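Below you'll find the structure, written out as structure tokens, and then a few comments.
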Amino acid sequence: MLRFDGRQPDEIRPVKITRKFTDLPEGSVLIEVGKTRVICTATVEDKVPPFKKGTGSGWVTAEYSMLPRATAVRNQREASKGKLGGRTMEIQRLIGRALRSIVDLSRLGERTIWLDCDVLQADGGTRTASITGAYVALADAVNYLLKNQLIKQDPLIDSIAAISVGKVDGIPVADLAYEEDSKAEVDMNIVMTGSGRFVEIQGTAEGQPFDQEDLNAFLNLGESGIQKLSALQKEALAKELPVA
Amino acid sequence: MLRFDGRQPDEIRPVKITRKFTDLPEGSVLIEVGKTRVICTATVEDKVPPFKKGTGSGWVTAEYSMLPRATAVRNQREASKGKLGGRTMEIQRLIGRALRSIVDLSRLGERTIWLDCDVLQADGGTRTASITGAYVALADAVNYLLKNQLIKQDPLIDSIAAISVGKVDGIPVADLAYEEDSKAEVDMNIVMTGSGRFVEIQGTAEGQPFDQEDLNAFLNLGESGIQKLSALQKEALAKELPVA
Amino acid sequence: MLRFDGRQPDEIRPVKITRKFTDLPEGSVLIEVGKTRVICTATVEDKVPPFKKGTGSGWVTAEYSMLPRATAVRNQREASKGKLGGRTMEIQRLIGRALRSIVDLSRLGERTIWLDCDVLQADGGTRTASITGAYVALADAVNYLLKNQLIKQDPLIDSIAAISVGKVDGIPVADLAYEEDSKAEVDMNIVMTGSGRFVEIQGTAEGQPFDQEDLNAFLNLGESGIQKLSALQKEALAKELPVA
Amino acid sequence: MLRFDGRQPDEIRPVKITRKFTDLPEGSVLIEVGKTRVICTATVEDKVPPFKKGTGSGWVTAEYSMLPRATAVRNQREASKGKLGGRTMEIQRLIGRALRSIVDLSRLGERTIWLDCDVLQADGGTRTASITGAYVALADAVNYLLKNQLIKQDPLIDSIAAISVGKVDGIPVADLAYEEDSKAEVDMNIVMTGSGRFVEIQGTAEGQPFDQEDLNAFLNLGESGIQKLSALQKEALAKELPVA
Amino acid sequence: MLRFDGRQPDEIRPVKITRKFTDLPEGSVLIEVGKTRVICTATVEDKVPPFKKGTGSGWVTAEYSMLPRATAVRNQREASKGKLGGRTMEIQRLIGRALRSIVDLSRLGERTIWLDCDVLQADGGTRTASITGAYVALADAVNYLLKNQLIKQDPLIDSIAAISVGKVDGIPVADLAYEEDSKAEVDMNIVMTGSGRFVEIQGTAEGQPFDQEDLNAFLNLGESGIQKLSALQKEALAKELPVA
Amino acid sequence: MLRFDGRQPDEIRPVKITRKFTDLPEGSVLIEVGKTRVICTATVEDKVPPFKKGTGSGWVTAEYSMLPRATAVRNQREASKGKLGGRTMEIQRLIGRALRSIVDLSRLGERTIWLDCDVLQADGGTRTASITGAYVALADAVNYLLKNQLIKQDPLIDSIAAISVGKVDGIPVADLAYEEDSKAEVDMNIVMTGSGRFVEIQGTAEGQPFDQEDLNAFLNLGESGIQKLSALQKEALAKELPVA
């Protein structure tokens, strides 16, 4: 039995990674996963948060936002509300943790790399697409630092990507689109390194609790999906960047 | 003498208008004016602000934001600061007024059309590009309402576009890029209808005050630029929209 | 090799559950897990959030806070800062989701049950202790509704408890105290029903990524710990409540 | 004629003062006055507010909060509302002023002592119980400073306690419980030193204005109540503290 | 021995009350007490706060603010800071309570009277001048309601005024100017009805605690000062109002 | 045909400028333009915003507010709302830019001059009256700096004033009162130097767009009005200031 869009249970949506999507950031990536589209930019800033001052070591942090009409129904801007919602905070903390897990911060010097993930269109999996795209933007920012001899050693110790898995109509599936996500019984986000180790697992039973067997199926789907995403990241980064 | 990018004083930058840039909004436009890029979406909402309730008449309003790295130096998100800055408020009020000036609100019924202008890349003239692009998104949203027979009469009584003019190195010029804007002696935004009448004039002497002669030069540049923009809007709207 | 406090790797800290800790709430529980102490109260409110209005169904939600000096260093009140931090939001969203997973909301009628978790003393595991304690407070509030014939059928379809597991000095351990938590390589929170199914798994590699083998060890520790906690909840709820 | 709970007009409710209620603060007191229960902690911090910097002198300040369900009806958290209410501000300013009145700040050095008063259960008189309990926590924090030779001279120049008095059903009474407080014609809070001098008098006619004769009755009730509270504070502080 | 400005201990500063200071409010009073100047306006609004809806009864409330340069050093606007300070909240709650104490709210119908007290120049005693002036503005608003037959019975059951008293250089004095206020050992605000009964007493020992004898002196000074203020209010209200 | 108040189209309302309206600020002006009344104070502060630090140069900035009952209907305080509205921000940015245009900031040294414009009564033209009055307050503050030899050279390189013009019932008119403003088809604010050059032009078509002919009429009315205002400013500043 096929999924609503004809995919196999373990099939991820078409992924397109465009580097240098905008001209000014040190890294600027448009990632498209099916209809989900996220701009991920990386900004190098020559200062660190207070708890890092004087340590000689750097920091990597993330912010996440959706355009008001990334979704079917317009959602009010958090800037107009005057505060960030819980969902936004949770997501940007997750992205930051994920990216930091593959960076040797001591090699950055006292610098912060900001990863800004702005969702142009949301069709499920915006947080995982953000992580996958932000890694490519981060790699470009690191290349910028290396090329300009601002740092000496590559601080990236692995690559990182993320995928959502879940159980829809009783079947474990990978890379849920919004139509699936909204009726999933279980929703799990998996963040893994290119070398195949877990960095983060966040699974939530939306309807029915799940058992060990489900979990194993989720992890297998996650691992296989992440391998594909890692290969796509590698391929994208192998291309020559266009001159601005 | 040519300008820094080789343009004549009255020459506007290349303009590209992409309709249906994203799939979900009733109107979705990417406008590019030189390197300035703004996404303008139009959302139809079936309610009105309190002061319009029970009037049978509708409302048109705008919000404006920049991605943090739309600029050379990353600017902090207003959602993270917890409040909108004065510049943002001023711009979104201007966009809203400009668009309302060519809408017969009584023909909208008790509906609000939200125009969201999000700047992906800023190279001068983001507020004027927002107005010019938002008009096209608004026109698509109005078409959606007409085609679905939600309204009976076209509420658009004219078209609207905007341009910046100013004095750089003593010479009046049209459509300033950031490099010119940052050193302009006078900066003026002109909003005009397609039929050639003024809706808004906002001129500020950044360095030296200006006189009547300067003003006449600005208005001529503005009028000529707006005519070109109006033609481009018309051309963009004449194309068949791709099926989603 | 024993842990810093003499526990075996799978040994949880002493747990004490005091019902009717304060007199006024419909449920009021003090849960002590080692030195961690949390007051969990349940409040029945005769209204629901806007998205539930008119559905005939209820809602369960949670709020979480720490007293400023629950920790070794005083932390500033979020009320004084004027906003909730990301950690607080993440935790209270987790507690709410966890408790909702074992409630048949349609049996509550249009009522909200608020679960307030206030940490008096923090020694690791405050979010998991909050979930475990909140379940008991919720059960008391449900009993209040049943006894007063405000609802007809018991909406609780299972019990719920939570535990933290992690890897400390290379060894997987259960129920981390602060001293262990602060140096853990992996930190995972597991939420399970009394019937032994997963509701939420949140694992984060703080230092080194982890693999499938680690994960299995974590899940086994979690399952065994949750069984003990479920038994303690049951035992606490079996006691006659003192008359106020 | 007796009061609703059988007390004489000048009779205060049973008071219980528990020191070292939590383990981490320099002073940690649970004060119970009838059913009113407040945790008062004292935190020593090695810095002072800007207006004290470089003066060699210290500061004492207070914060006050209620758990959401300290009251019969759940009150919304001020952290969730995003701002402190007027009542909270008024109370925490009062507590701070009261405690500062018996401290020789110059003997503290450039240190701040924070007094956090968190109400677990509210049955009238929470602000006066906070002052009475905070004094004991402050004394413990001062003992900690003296014992660790961080300061040389005892900065406490007197003790301080507080009581509410008022007129209920035409009769002046001391230490009002919530049932009395809610229908009192006059409500007065009196803060006095152990040596019997006034530090603060705040009296408000809720219904009928009062005259000099009423006022004299209130002051007598206040003085007598404060003497009892001062004796209880002294007694509590005379006990050996348990070793943590 | 005279005071710094030549006054006797019980002598109040020159008071000037100007009615209809601005044209639009239902009551508009400029009160000058020495150099302290406060505009007090009364606004009648045809709605009540939620807790009064459907009661048939009205409400009286107050807001207080200082112009940034009412003081010797410019103080930042609370609107710019984004929140009201504790002092402001305390004062506006006091003014509201004081005015409500002499109004029979049931005679107002479901109306709110807002009393806005804006300090143009601050030289001590701004909160007491606000109360004294707000009474006159309130009386004018009530006259407006009566004259326009919007209410039938006069809701004012007494008049109200306020004064500060204190101890300066060891001497009890009335109506402290800023120079005295800033060095007072005790500072007490007394609010009394025209018929000579207390509505509010708020006394604070800034330096030394005070005793019963001091208190008696303060109350005598307060009573005598309030009598003078009440007479001045009466006199001001006796004048014919200018036609706008 | 005369205007509603008998004025000719180019006739401005009676203007009264009172210097030293309050005693404490370095400049304090009450400006009355018809029934519009604004207090403009100038405060000299010995520090500059961060972007000016270390430049040796100063800053001039403005804040604007209305008393709640400056208008026919009471408007809620922005301090109570917790944020500045867009209109307020727009106006205070305009006032600041206007005043900076005639100041040589390098002659101020590292000082800020704050211009606070507080509207006591609003009858149209509050922003233009604020600019016109703020100039006089600024001039007094500059005189204070010169007289006290805190600066050596006069930093004022011109004077500045502002006026509103517009089209009412089809006729271009100057200095609109509220009754005219509320029904104007076009509303334009013009800021000009005493030497007759433009600093700011902000024109908005409220109803009908306007053409070049209208614009010329507006500019002529503006110029003539500004000349009268500049003369009145000069006259006011020529008077000897009363000794405080």
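Read from first to last, the chains carry the letters A, B, C, D, E and F; within each, the first residue is number 1.
Rule of thumb we're sticking to: a residue touches a chain if its C-beta (ideal position, glycine included) is under 8 Å from a C-beta of that chain, and two chains touch if they have at least 3 such contacts.
Here the structure is a predicted model, which means the values were calculated and not measured.
Each step here moves to a touching chain, and the least such steps from chain C to chain E number 2.
Chain centre most remote from that of chain B: D (centre = mean of CA atoms).
By the residue-number overlap criterion, the interface of chain D with chain E counts as same, with over half of its numbers used by both chains. The centroid of the Cα atoms in chain A and the matching centroid in chain C are 29 Å apart. Look at where the CA atoms of chain C average out and do the same for chain D: the two points lie 32 Å apart.
For the pair chain D and chain F, the distance between mean C-alpha positions equals 51 Å.
In chain F, the residues that touch at least two other chains are 82-84.
Listed in ring order from chain D, with chain E immediately after it, the chains are D, E, F, B, A, C. Listed in rising order, the residues of chain E touching chain F in the complex are 22-25, 28, 35, 37, 39, 41, 43, 45, 63, 65, 67-72, 74, 77-84, 88, 114, 116, 118, 120-121.
The touching residues of chain C, when paired with chain A in their complex, are 83-87, 89-90, 92-93, 97, 101, 158, 188, 192-193, 195-205, 208-212, 214-215, 219.
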